[in-house]
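Two complexes come next, and they have one chain in common, chain A, joined by chain B in the first and chain C in the second.
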Partner chain A sequence: MLFIGASRKSLWPRLLAGVSYGVPLLFIVLPLASFLAYGFFHLENGNVNYTPSLGNYIRFFTDAIFIPVLWQTSLLCFAVAALTILFGYPVAFLLANLKGRRRHILLLLVLVPLLMSYIIKIYAIRSILGGNGLLNRFLLWIGLIDQPLTLFVFNLNAVLLTLTVLLIPFAILPIFLSLERIPRSLIDASTDLGASGMQTFRHIVLPLSLPGIVSAATFVFVLAIGDFLTPQMVGGQSGFTFGRIIYSQFGTAFNWPFGAALSTILGIIVIAVIMVGNRLEHRHT
Partner chain B sequence: MLKLNRRKALGLALAAPAILRTTNAFAAKELRVMAWQGYADDDWVKEFQDQTGATANVVFIGTDDEIWAKMKGSEGKDFDVFAVNTAQLQRYIDGGLTTPHDVSKIPNQKAVLPRFQDLSKVKGVMRDGKVHAIPFCFDSIGIIYDKDKVNPAPDSFESFWDPKYKGKILAYDNGEHNFSFTALTLGIEDPFHLTPEQMAKIKEKLIALKGNVLSFYTTPDEALQLYKSNDIALIWANYGQQQVKAMKDAGANIAYVNPKEGALAWLDTWAMTSGVQDQDLAAAWVNFLLQKKIGEQLSLRTGFGNTVVETGSAGANDKLVWLDFVEDATKRSDMWNEIKAQP
Partner chain C sequence: MMHLSRVALVALSFATMLVFIALYGPLLIPIISSFFNIAHGEVQWHEPSLSAYQALAQNAGILTAVRNTLIVGFSATFLALIIGTLLALHYCGGTSLARDLMHFTVFLPFLMPPIITGLSLLIFFRETGIPRSMLTVITGHTLFVLALSYRTIVTRLQSLGPSLIEASTDLGASPGQTLRFIILPNLASTLVGAGVLSFALSFDETMITLLVTGTDNTLPIRLWAMMRLGFAPDINALVTIVLGLTVILCVVAVRLLLPAQTIQSE
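And then the complex of A and B:
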């Protein structure tokens, strides 16, 4: 009896552990590993040649287009991260200072866009930005301009703006959480000691919310750099990013090995950014 | 006019089965058809069955690769007739997966549009003097233009490079097609087999095109939305008549034209498999589908051009260049990326 009970006891946890390791292994680790492996194959007369080589990586470093595009894309995503923090911080600050129902309603409003399909949001933004889109028509109507502006029509500015709008909730949330964790007593102490509101913000609140800012920046950067749809849809003829190069390897060139190698390179950058972010966060906590 | 036609058609449809059923040669026979959606509609299949007494079993396919997998998997034995485009057809002929048609068994082929009359002039359907496939359905990739903004109508691809339309052009995001149509624009005879020198020249030309377009689209829906929220004059219409119809339905004042350099066009055909069980029945199927009535319905329902009645896909004198496999699709895609990466 004792034996049966014991074996039954040890079977369940093992089964559960098996499932909880097995599912991520099957759906995350294995696909990633196959990407890694594919990156070392190459295309020959339209078919994949399975002899491992470094050809794809050599091509990445020697061809004139990949590194510049990757660099520009990284700068773009960095700018997106900066903008989302710039615009997201005040919202998070307001959220942290609100109480009760008001806070819940504002939080809900911030989160609602996340429930909407990503594509629908891009479409909506496109109809706002176009040459005779909502924005231009409004500006013409109020007489601020007499010709439609081309500043935000299908170029890198449009990509920047769209990504910022799409990703801003991912910046607001971590900043809000870090602001919320600041003990009230520290701010009270600062005020008691005669610091002005600005001084308290600069010396107490801002440094203590830095981990939130760092994780916000990491989130936004990582999400932005993997995006290939937004640049395609609002970037026009100049919105060419690294994500679109990868997409074209799978969608039109049918060069899966090279696409896999480029994805691996992107993956390394993403992991590096997350690690740097992690380290910065821990330094500040 | 329409009323009379309809009544006539109805009368024929009602009378035909009664006449044919008495002399039907294919009773209890089965025809196995592989087709694209829209090429073997239920009402046609029913009418064909009533006329011939045979049973037609249709399997619909979604991609070129699916046709190949199904045909190759059974070495052609699972089907009698199949729909395939002229570019794809070549590998089936190479692989011995087709049986040539006896055109005398398809009398309706005599009444097709002039363009499709002489099958030796339709690139890809004949080999070694034998007809491997009968043209059935096609569409061209021409120019959609806004009638309010482009006057007179454009007649050349060169309009896409016209500084007058800078920022008012939508082109398609695909290296393969863009190299082909630019080759036609530059007067290159065979746009599907380019030399490295020709490709370099085309690349320069496409970089210039990039400066003149507003955006490169991928879906017809995307193009329509871009058209609505921007000042667009010209569109390279990758989706042909489908795109024209969608834009007209949305109220756009547009028209469609095939340029004088020749428009790229795809052509779907009916081929008999190597495992065809009854060649006469297969021929009867193709002949049935080449009726004027079916052609009209096909074009009405799908928007594509048919081979028996003139449609918006191409005027009688338009030059069409049937699509073919290109020398190196990967190379074209890579060069297209280089073009797009140009600052």
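And then the complex of A and C:
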């Protein structure tokens, strides 16, 4: 399409092709390949032994720790996805129903947190959580509770709450986009035929926004399961997640090959979730 | 979209308000407490002061971190825009399986969990004997934001269509001339927008950086280290400043990315 007349011998197309295949090959494919290969190596006296074996994967499947943690983490991330959709849907729905300046401002308010530093957001949320945190003290002070809630203590609950707050914008946007795509004529037809607002919502709007809900769930799940900063910051002693275990292989445990194998498993789960998500999305459209 | 009843509107507004309180409320705590004295880990609400900011100004590590963040951000943005443009020009230059594979590969560092992107690079650098440094951080950031700049440029090129370029070539322009006089002027606004967004993403990138960084830490890594050490008043001051910068960056990005009329007409 571009440079159609460049058939006279010119360096330009070749240069373009060279960069276009060279850069991704060298900096994306090669690192990924070495990462996948590392999962089959193992550690020997603190050095990497390059004889390929399935040892890391066997350890993953036979050790009593890893599969339960992975299962627990998956459930956690699924709960995060459900919560973000529950809280995000009304916002997306309101957004789709607003016009002009109001809609512009509300959309901006949803987008701004996405550009704010992730680490700062975690820090801010952490500062109000905790057994003796601001949230508990505030609830005690207004008399809503008479004992500090354990809900906010630094454990998996705190991870759940923090991830939900962090990832809500990622749920709002796809739902909003799917609501936007619903043809007005369908809603008008439904209203003309005498359906109440609630009926129109239940039978027209909600089913047609399902693809958006599915892609929101996929988005949030994938982002949540790959996160190791949040559990590290608010998870406390007991809030162990799969991402945190992977990260520890590169810090305290210092077992890179095993870390690579665990990350490969994480990658497989992420790809599977995305594929299932895609399937569901297309079934509903 | 729908005609909403008054009750529905009130309920929706209430739910939306709750979400925004959760999104923005926690951020107010460090901002407000940065303007007060802190003693024995408690904020002294009757003692407003700027001591946190003074402590921050004396923290040499922070200034270095800010400098590193800027160097990394500008380098990564610059590289990603150049490479992104070249890749987009190649992708739009025809159809082939190789092009589709390239297209897919470019998005991988952005789509995969950051821990995988980071680990891949970490292992790659180790096996090729490249020590972890600012250069490895810049590489990681470039790959991360490349997907975004590439995507934006491809979209723009496709919307331009082939006729403009064909006309230029038919009139005898060399590829270089077509690039300079036709393609780049048409890409200018897209490049600026993609650049601002790339810089913002790089400014904030933490998870990949954490894995490929050496001793030259960027601001998020510095913050992460400070927060793990525990509570220090200068963190709140730093958080406040960074949030302020982010909001300014957002306003600039919105002004640049949205055409002026859409803002005025409303």
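As a convention for this text, the second predicted complex is superposed on the first by the 256 of 285 C-alpha atoms of A that agree within 3 Å, B and C clash if a C-alpha of one lies under 4 Å from a C-alpha of the other, contacts with A are read in each partner's own complex, and residues count from 1 in each chain.
In the analysis below, contacts are C-beta pairs under 8 Å (C-beta built on N, C-alpha and C of every residue); 3 or more make two chains touch, one makes a residue touch a chain.
Since we're looking at a predicted model, the values are computed, not measured.
Participant: First (chain B), second (chain C), both or neither: which does A:T150 touch?
Facilitator: first
Participant: Could you tell me if A:G236 is touching chain B, chain C, both of them or neither one (first, second, both, neither)?
Facilitator: The answer is first: A:G236 touches chain B but not chain C.
Participant: Using the touch definition from the top, say if A:N255 reaches chain B (first), chain C (second), both or neither.
Facilitator: In the superposition, A:N255 contacts chain B only.
Participant: In the superposed model, which partner reaches more residues of chain A, chain B or chain C?
Facilitator: C
Participant: Applying the document's definition of touch, where does A:I65 land relative to chain B and chain C: first, second, both, or neither?
Facilitator: first
Participant: Between chain B (first) and chain C (second), which, if any, makes contact with A:L43: first, second, both or neither?
Facilitator: first
Participant: Where does A:P31 make contact in the superposed view: on chain B (first), on chain C (second), on both, or on neither?
Facilitator: second
Participant: Name the contact category of A:T73: first (chain B only), second (chain C only), both, or neither.
Facilitator: A:T73 sits against neither chain B nor chain C.
Participant: Figure out whether A:S127 sits in contact with chain B (first) or chain C (second), or with both, or with neither.
Facilitator: A:S127 sits against chain B and chain C alike.
Participant: Looking at A:T218, would you say it contacts chain B, chain C, both, or neither? Reply first, second, both or neither.
Facilitator: After superposing on A, A:T218 lies clear of both chain B and chain C.
Participant: Quick check on the output: what are the common chain A residues between the chain B footprint and the chain C footprint?
Facilitator: Residues 123, 126-127, 233, which sit in both footprints.
Participant: Quick one: in the complex, what on chain B touches chain A?
Facilitator: Contact set of chain B toward chain A: 167, 173-176, 210-211, 213-216, 218, 222, 225-226, 228-231, 329-330, 333-334, 336-338, 340-341, 343.
Participant: In the complex formed with chain B, which residues of chain A make contact?
Facilitator: Spelled out, the residues of chain A in touch with chain B are 43, 46, 64-65, 68-69, 123, 126-127, 129-133, 148, 150, 153-154, 232-233, 235-238, 240, 244-245, 248-249, 252-255.
Participant: Would you pull the chain A residues touching chain C in the complex into a rising list?
Facilitator: 1-6, 10, 12-13, 16-17, 19-21, 23-25, 27-32, 34-35, 38, 87-88, 90-91, 93-94, 96-97, 100-101, 104, 106, 108-109, 111-113, 115-121, 123-128, 134, 165, 168-169, 179, 182, 184, 187, 191, 197, 200-201, 205, 222, 225-229, 233, 243, 246-247, 250, 256, 259-260, 263, 266-267, 270
Participant: Under the definition above, what is the set of chain C residues touching chain A in their complex?
Facilitator: Listed in rising order, the residues of chain C that touch chain A are 1-5, 8, 11-13, 15-16, 18-20, 22-27, 29-30, 83, 86-87, 89-94, 98-99, 102, 105-106, 108-109, 112-116, 119-124, 127, 139, 143, 157, 162, 165-166, 169-170, 174-176, 178, 183, 200, 203-204, 206-207, 210-211, 220, 223-224, 227-228, 235, 239, 242-243, 246-247, 249-250, 253-254, 263, 266.
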